[in-house]
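Labels run A, B, C and D following the written order; every chain starts at residue 1.
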Amino acid sequence: MALVVLAFDLLLAAALIWLAWQATRAADLFHAVVSFIVFGLLMALAWVRLEAPDVALAEAAIGAGATGALLLSALDRLARRPRRHAPLYEPGTAWGFWLPAGSALLAMLTLAAWNLPAPGLGNEILASLSASGVEHAVTAVLLNFRALDTLLEIGVLLLAAVVIWALGQAPPPLVPSMPSPALPALGRLLFPIFVLVAAYLLWRGSHGPGGAFPAGAVFGAGGILMLLAGARPWIRSSEHGPWRLILSLGMAVLLAAGVAGTLSGQDFFQYPKGTAASFILVLEVAAGLSIALLIFALYLRGKPREHGSWGAAE
Amino acid sequence: MSALEWIGSLLVFAGIPFIFLGTLGLLRFPDVYTRLHALAKSDNVGLGLVCIGLGVQSGSVALLLKLVLIWVLMLIASATAAGLIARTALARGLRPWGT
Amino acid sequence: MYLSLTGVLFVLGLHGLFTARNLLRQLLSLNILTTSVFLLFVVLARLAEPLDDVPHAIVLTGIVITISTTAVALALVGRLAGRTRDDDAITAGDPRGDAE
Amino acid sequence: MSLGPVGPAILFALPLAAAIVVFVRPRWSVPVALAAGAVQFAVALALLGVVLEQGAWRQSIGGWSAPLGIGWRLDGLAAALLLMTAAVGLAGAVFHASRPPPPAVVPDPRFFWPLWLFLWGGLNALFLAADLFNVYVALEFVSIASVGLIGLAGGAAQAAALRYLLATLLGSTIYLLGVALLYGRYAALDFALLAERVEPGLVPAIAAALMTLGLLLKAAIFPLHFWLPAAHGRALPAVSAVLSAVVIAAAYYLLVRLWFGPLAPLLGTGVATLLGLLGAAAVMWGGLLALLQRHLKMLIAYSTMSQFGYGLLVFPLAAAGAVEQAWTGALVLVLAHGLAKAALFLAAGAIVLRHGGGRLDALGGDQAGVLIAWVAFAIASASLVGLPPSGGFLGKWWLAQAALATGGYLWLAVLMAGTALTSAYLWRALQAALRAGGETAAEAPALSPALGLCALLLALGAAALGLAAPMLARLLDAVPGGPG
């Protein structure tokens, strides 16, 4: 049995290396992007093998799913342009440099990594878990022990959306050259399932792998699917609508939770005694909602248009 | 081994040739349409058998239902994806093999 | 074994980043580079006794940050491509060279 | 409630909260941003007083102590940089609010305000951070905000923004790899905890090399400077100011924080000399390139690259034994550079608006409306060159003392040569103003005097820094952990 597992690991590693090579070297950009998406999916398998189910969920939903959708839609726009045949790579002496340099770097890193005792913080987590308000260690780290990181992380997501809006209007939605009746049907069928799965993941976060990030990503991916299936993006950039507020909700609520600690005379982000569980639940819901909409907003690649301006060319 | 485990293993092994043949078809068939044909049909059967086999083997009804749900979702997704690919290929002017 | 995989992916990503002339490809390489670092974190978590969950949380944070940066970069690539109508011409130039 | 523990929370939360408000209700942008800026300036000033009085402290977050929890650390250096950030942030905000609206380009100029406040919040988070991974997240936050702000200038600036983004992402990834190695070795991310545990060895050495490489790329130290000039030269004036003055200083701050904190046991003569040589090369090469520029803003951008080279001289001088003087000198230099450089970019912004372009040979002639800006430019130049009693003079003086005390004549020569180059290129810029027959923007907008005044106040701040020598010496006195 151990042999089978080892063979599986070796196969997985070989596939990952091959896909990474394809993603960076394939002559065709489409080929490279697809390799990268498959790379992400296999990476999720690797995370499972390394006993990191939370990371696997996030990788599958965000790393492969949402990033893949982003890359493909960007690629589609790029590929429509007439292409001048510029050299894809610098010609010439690259190998003479890369082979020795790469091997040296590889040897150094491996040597360093093998020397790691990896003490880890497992015992510290176990000792503090009961006081954190949740049973699942990763959620405890994300929303209690290292909540400051999570606040900044949602901030990065919101910031990215703001930057993308700042850069200009979203391009008009894609129109498939031969519309298929199956796709909208699929969208209608799957969207409720997406919502269901997202809610389930959110609820699960307190005691098992799951939580706001995978849940938000799944929800956001559902939105992207609806968009692909021909739905109009329902987010508006208007200052009057609620969308900007909902997008910023996650970060605002996290900030408020942080400040609440300071205002009550404790540390920043210190939840009042005994309320950590309810605090974390509220944070998860707000963060999950914002993450879903933010991932959707990132996919639009620009400030959503106002009503009625869809026909206008860029 | 109990009877359940035997039945489960049997189902899983029954599924493997379908997946193998589907993959063989993907690699060896001449054009997009025939390849899709091979993949969408035989892989789905193979996957179904493997899922049900694993579910039976586990001996838990909840797990079996979850695996069947995964299979159904895969069926829907692969049918839609195959349709989309075929339509795109047609729209780009690829003629089916032999016509 | 996964430790070695980290090293190989890191070198591949670095190699891709410096030799690719196309922006999208550089972005893919950068993503692979980042993934290799995440892999190191998770392997470390796995080696620890008992299993250490802090790196998992760190990698989750990192994945969200990576999609944000990727999205911003893609939006910029799209703007630039829209202006010059030629994606292969838009390269970041020789990364080791001097600006202007 | 004393200001001590509350101050950092305000500095962290206020700009981010203001950014959200401004994003949701763009109409309130200017008043909200200016009010938040003013409050932050006041809080940063008060915190500086508290640090002077009580010394440095660490406060934990969420009630968890290291290694599980994260902390904030406030010492003299952090307080000084927070105050500098507040000064540049506020001046930049006033400048941007009183300039005529930028020409209609594709990007939406109203997004300047949320991005500005986000950047400010990210910088504050970075200066407060005392945890390696928290630093990574804050660095990415700052990078994305910077990219957005650069991209606001449209056109060629967006290409520069993309190149900056790729460079800075590569830098953070390399840095993160170093963090992973350190974590695997010591199971700690907190600066203080790591400082206790790190000892010379293969893993910490590789980790230190990686983190340093990543940060050098972000600080645009020679030869990793390729992305800087275009990104800083093409952005809007307020954006150039904050990028050159504070964002680069943030990467440099981390470098110093690490090498004089957790990595101190590894700082041998070899490493220190290598870093010093890189700094020396940056001073010379950046100065030479600045001398060759034809465009005012590009000249100032290359000057940034040159000036941060001085900062690296702290390593060889400290390793040779003159820890206190080198440390104080380099950091005063960074503070003085921040204020002076922001003043230069803001002044240049006003001047470019007046003349409709920034080519040096078109800046002469009628200077109506930008006289104050030129005065600010001259004062800031004086500080950058190091004329007494400016902050630049004080910093160079301390560095020179350190070089003399340790017999580092090479470093002394770099200081002298760099000063000569600085005076040469800044004189070229000032000379341009005195020439006759410049150009005036076709429809020259009436420029608010506030533009020049912002620059002037910053320049005066840089100049006055030299008068605060005793206070600065006391503030920066506590070297976190001298190299062994």
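Methods note: a residue touches a chain if its C-beta (ideal position, glycine included) is under 8 Å from a C-beta of that chain, and two chains touch if they have at least 3 such contacts.
Just so it is clear, the model here is predicted, and its values are computed rather than measured.
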With contacts defined as at the top, give the pair, C-D or A-B, that has more of them.
-> C-D
Distance from chain B to chain A - Cα centre to Cα centre, in angstrom = 28
If you average the Cα atoms of chain B and of chain C to get two centres, how far apart are those centres in Å?
-> 33
For chain A and chain C, what's the span in angstrom between their mean Cα positions?
-> 14
Can you tell me which residues of chain C touch two or more of the remaining chains?
-> 10, 40, 44, 47-48, 52, 54, 58, 61, 65, 68-69, 72, 76-77, 79
Tell me, which residues of chain A touch at least two other chains?
-> 109, 113, 116, 118-121, 125, 141, 145-146, 149, 153, 156, 159-160, 163, 167-168
Mind pulling the residue numbers of chain B that touch at least two other chains?
-> none
Pull out all the chain pairs that touch, please.
-> A-B, A-C, A-D, C-D
For chain D, which residues count as touching chain C in their complex?
-> 68, 106, 133, 137, 140, 143-144, 147-148, 151, 158-163, 165-167, 169-170, 173, 176-177, 180-181, 183-184, 187, 223, 226-230, 233, 298
Across the complex, what residues on chain D touch chain A?
-> 1, 5-6, 8-9, 12-13, 16-17, 20, 23-27, 59-64, 67-70, 72, 106-108, 111, 114-115, 118, 121-122, 125, 133-134, 137-138, 140-141, 144-145, 147-148, 151-152, 158, 181, 184-187, 202-203, 206-207
Mind pulling up the chain A residues that touch chain D in the complex?
-> 108-109, 111-113, 115-121, 124-125, 128, 141, 144-149, 152-153, 155-156, 158-160, 162-163, 165-168, 239, 244-245, 248, 251-252, 255, 258-259, 261-262, 265-271, 303
Mind pulling up the chain A residues that touch chain B in the complex?
-> 176-178, 180, 182-183, 185-186, 189-190, 193
Would you mind writing out the residues of chain B in touch with chain A in their complex?
-> 73, 76-77, 79-80, 83-84, 87-88, 90-91
